[in-house]
């Protein structure tokens, strides 16, 4: 058997994989390993296990990197188009068909721009900051199950690892702010630190709620826990439960904040502190910050999809023919575009209001969802809770009452449009 | 309905309406009012003005030029962007025609005061808007050949105003003619009277007067 | 890091103080305005406005030119609302020379002036949202509608922003055929837009918390500071020159003057919305009542205009406040002294007082709520 016959054989096998799209990515990996083993046999050597592992890991890394960088590129153009439409404009439509090559043009622009480093900057830290920023952001997606059986690193404490790594980006933001030796940068960096500390808590607590009910910290396990249907056709996603909905909204707000997106884009609030920690960055370093932010946003959205929106599960039984990994990316896009929708509507918080919002509203509220989830679990006797009216009403009551109470206390009591009177003189 | 967060939800509804609405909106109707410039040209209103130009009658710019180099616009121009030099004839005597007529459109603010002050209906506002150049100075100083544009062009960009201008000029011409005729008739009458007087005195044959 | 060394203010700063020069190149200082701010954390403890970056010698240029030649320059004072600037200058000159204005010209001035107010207040809603960090949606909606008003201006006067429309004793040109109907038809759609804006903005909890209780100014301080316009009325002072002076045809038109009670940024924001609705009422009446007739007093010689020697102060209620021109004539064809009372500059004088103790983000909102245009501040 010569090399070409082997190649032909495997190519045919590869084409055969397209018959079942659901398992395509996983089977591809299996085929690759087989191909390498056969190739080794052909050359007369036995492929050691570590070599196979290394090669398949590299292939995985490349696959995930490419996927998320393409997502970033597409997001950068679709975000602008959607923002434009919300503002009654056309958005980018000059480069390529419908402006789809805009990211290429942006990339060329970013690469050819002068890379300015302020004379008074701490040059080493200034150089390192984008790298420190992008590395953890690119590592985050490995913990996410993109489809059934499609997870790069299936850790039993995946969620914990995700948050531990995700917090690393904030260090980079502070490095950037400090190293630039610019007052706006340092202000932005200090805001970023304050924001991270405040918003990590409700983010993690609301993820904890899911872990409590699902009984596992593994993202794959949580996604599996949401498969199946209740009442015959309704998805058993956690977002459909009262506590899950509340936790999902809290997680969403936390995700907005963690990815520095409007209305929590204080670290780079352009109307106040120019661009915050990004003020002194230009050219490709700026692009890397930008990329890290978007990849981080996709990663945290992916976690949101996994935790609350059923992960890779189809919403209805009759839609199950669509491959699971398609569902994951559809949901990911939906969440990402909803963030654009939020961005186009809301003004930015002020720093003290943002802190108050986190500590006085989000954190108590996330504890309440914890309580509501516990009530759901015990009133409904565990997994049977989906069909138990007691579980539904108990958790709904807890969530709703505390929301109204806290919301009124936090917002409406102090600020409302109706508490003002305007006099008119003829 | 006034629960906490209701204001944010209302705002989100407005933007959602605009996102969806802008996909279903006819171009330039309610929401999508953008003109995609190089392909779509703006439809300018008749009154729309940018920079001044000089009107000439007929086909030959040099012959038909209305400007008489009276320099009123040069004097009235608020940022003083007009520069005029009177032409001279072969003997060096100034004649009623500009030799140089420059407008620096990098200074001009399109205020239309030159147009209002021109007694000879000669300077008018153009509506060109693509007048950029690679140099800050030379390409933005418009000289007489660039400034001279035909009356037909004027009619093309502002039909109503041009028709009114033409009517005014025509009326002025008729008035002038009538005045000239009246003056000529007066002269003729005076001459005839004088001739009659002379004829009466001398009783000699009279020369027939020639009408002009 | 040398961030805490004192750069702008005399004396040494506290160890924790951070001094930042906001501007002149800053995204939200509405032009080339600069504020030297000393902060403790994010709290402003000292603020010093620095202006003059857009000084263009407006008053001296006017004194070196003929009376008429100052007219197009007034367009460039507050370039958002040139219609009222022209009008104020014409009012001052008419007072100086005792010129009568024909009826139709007064109506046209009111129509252009109120449209100017409408588009200024609409644009304000967008600007202040931009200062709060909203991503341009409100600004784009505001500019979408403003664009349509500017189209009407272009059809009437030939220019979208630099109208140069008023003349001594009237206005420059009459309306083109069908313009009044077009304006009426367009303005009929305006209340729906204001409703949309109100639904979009006024209930928003983030907006409320950013605006309410920020930059509070008492009525007493507002009067002492010489403030005027919506900023003054937001503090609860019932003072509108349209009512006080009763100039032009305003006494004949029915409209109300809104005023706030608290005097914070939210009141200033709401007052613009309420005033826009009143402007619509005025416009509707003016468009319905406008008589036929000449648009400029034929006795007035625009070119070579020579008012008698004397002095006069003419003022109108501009969109941003009391816009006045103080003119001194010595009987020649140039003004002897020409002075502008710009509302933006005088409203800006209390900026530090409003900003002290607030956060750095509030400084931008307070500055935005005053609604300044640097062309007018620096002249």
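Some points to look at:
By letter and in written order, the chains are A, B and C; residue numbering begins at 1 in each of them.
Going forward, a residue touches a chain if its C-beta (ideal position, glycine included) is under 8 Å from a C-beta of that chain, and two chains touch if they have at least 3 such contacts.
Bear in mind the structure is a predicted one, so any value in this text is a computation, not a measurement.
If you take chain B and chain C together, the chains in touch with both are A. Chains A-C form the pair with the most C-beta pairs in contact.
Relative to the centroid of all protein Cα atoms, the closest per-chain Cα centroid is that of C.
Set against the Cα centre of chain A, the chain with the most distant centre is B. Put simply, the C-alpha centre of chain B and that of chain C have 33 angstrom between them.
Chain centres here are Cα averages; for chain A and chain C they lie 45 Å apart. Chain A and chain B have centres, each the mean of its CA atoms, that are 63 Å apart.
In chain A, the residues that touch at least two other chains are 86-89, 344-346, 411-412, 416-417. Counting only residues that touch two or more partner chains, chain C has 137, 141, 144, 200, 202-208. Counting partner chains per residue, chain B shows two or more touched chains at residues 4-5, 7-8, 11, 14-15, 18, 31, 33.
Here chain C touches chain B in the complex through residues 65-66, 68-73, 75-76, 137, 141, 144, 147-148, 151, 154-159, 162, 164, 172-173, 176, 196, 199-208, 302-303, going by the rule given at the top.
Residues of chain B touching chain C in their complex: 4-8, 10-11, 13-15, 18, 31, 33, 44-49, 72, 76-78, 109-113, 116-117, 125, 160. Interface residues of chain A, counted against chain B in their complex, comprise 82, 85-90, 341-342, 344-346, 403-404, 406-408, 410-412, 416-418.
Across the complex, chain C meets chain A through its residues 1, 3, 18-20, 26-28, 42, 129-137, 139-141, 144, 200, 202-210, 212-213, 236, 238, 243, 254, 256-262, 266-267, 270-271, 274, 359-362, 364.
Those residues of chain B that touch chain A in the complex are listed here as 2-5, 7-8, 11-12, 14-16, 18-19, 22-23, 25, 31-34, 36.
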